[in-house]
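Every chain is named by a letter (A, B and C) in the order it is written, and numbering of its residues begins at 1.
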Amino acid sequence: MNTVFTITTNGPACHELTRDVAGWLRDIGAGKGLVTLMVQHTSASLLIQENADPDVQVDLLGWLDRIAPPGNHPSMGWLRHTLEGPDDMPAHLKAAVLPVSLQIPVADGRMMLGRWQGIYLVEHRTAPHTRKVAALFMPSEPMVPGVS
Amino acid sequence: MNTVFTITTNGPACHELTRDVAGWLRDIGAGKGLVTLMVQHTSASLLIQENADPDVQVDLLGWLDRIAPPGNHPSMGWLRHTLEGPDDMPAHLKAAVLPVSLQIPVADGRMMLGRWQGIYLVEHRTAPHTRKVAALFMPSEPMVPGVS
Amino acid sequence: MNTVFTITTNGPACHELTRDVAGWLRDIGAGKGLVTLMVQHTSASLLIQENADPDVQVDLLGWLDRIAPPGNHPSMGWLRHTLEGPDDMPAHLKAAVLPVSLQIPVADGRMMLGRWQGIYLVEHRTAPHTRKVAALFMPSEPMVPGVS
């Protein structure tokens, strides 16, 4: 069972997908197994992070800008891939060190996430984008007939 | 087949899990398939790293402190999420760039790790914590009846 | 179904594996499922990145050298694990923040990669190396008999 989640973004931000994935697993009657999510882009990421204090996301985005500053920052004058603007190559750099895919064990149809873990798409580009996240559920036991 | 590994930590360090995971795969009679490990926290990580020279772990933890210094470091005064102490937000930053989950192919019941690869839980917080790592083995062939 | 890809490297560079993996999936008659790739080393990485402009790879390698400079760089004098040369520990650091494994959903025998996504082995060491990437395809539906 697989699907694609579509997320519309409008600049660097974290978009929570936890409920969407949980709802899809419920809809397909998932029991025990593994869910894989993979972002189909090279300038956006997936991430499991704290879902309690929104300041965590602000601090994370701020820190990513410090380790991979925009291409027009004095320290980044050596970049070559700058045709699409100063946020282009840093977006690829952030996408290299944040996850492109996530794998989450599923038991009794529910993801085995910790108490404070949420699933996010992280947009790295400045301009609005439409992002696709491919999802696959692999059952580790035969699915109950008629449920999915 | 799934389980949860529990690790007690006492400050930033790497805790090797390789033998625990290998032993569990043996116990359940795993043949060929995929093992997934996922840490159920947002301030600790999983990692596959060199298992030969312990200095690698010291250097890794030192470097993580340099790219994501404590919140009371002069360069980090802009952090917002500081309520739980200066090691809190940097722990989330480190957890963003180190793996939250690992997937390792298994053949003949053994993980296909390289000669120098060990599996580690990496603690990022200063205070003692109890960490949980969810594990799932997915067979790619039917399990031999009576073995698991 | 599993295999091992072997890549010969000659210094820091990105080696594209997309066609090799796609060809292998075709050869084994893969339908729907999940492909896992895992590099069996701690000083090389796997990566999904843009496959259009080769400058992205040059910029990425340059940036990795800036966040994890060689051990003989003035800022890195604190490193302990230096016996194998100044590129050794930085290679482990880069390998900690870039993926050690990748998971890609497969449908109709084809990886669900985005338009601009390519699969790469990233070599971090200066000296020539022979690198191994373990691959596993897990079908989510029974394989058609006689095809694989």
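In this text, a residue touches a chain if its C-beta (ideal position, glycine included) is under 8 Å from a C-beta of that chain, and two chains touch if they have at least 3 such contacts.
Just so it is clear, the structure is predicted and the values come from calculations on it, not from any experiment.
Enquirer: Cα superposition of chain A onto chain C: how big is the rotation, rounded to the nearest 5°?
Expert: 120
Enquirer: Regarding the chain B and chain C pair, does the interface count as same (over half of residue numbers shared) or different (under half shared)?
Expert: different
Enquirer: Between chain B and chain C, what is the separation of their C-alpha centroids in Å?
Expert: Comparing mean C-alpha positions, chain C is 20 Å from chain B.
Enquirer: Which residues does chain A have that touch at least 2 chains other than itself?
Expert: Chain A, residues with two or more chain partners: 34, 67, 97, 99, 103, 138.
Enquirer: Can you check the complex and tell me which residues of chain C touch chain A?
Expert: 32-34, 47-50, 53, 55-56, 58-60, 62-63, 67, 97-99, 102-105, 107, 112-117, 138, 140
Enquirer: Where on chain C is chain B touching in the complex?
Expert: Contacts found on chain C: 1-2, 34, 36, 38-43, 67-68, 78-81, 83, 89, 92-93, 95-97, 99-101, 103, 132, 134-139.
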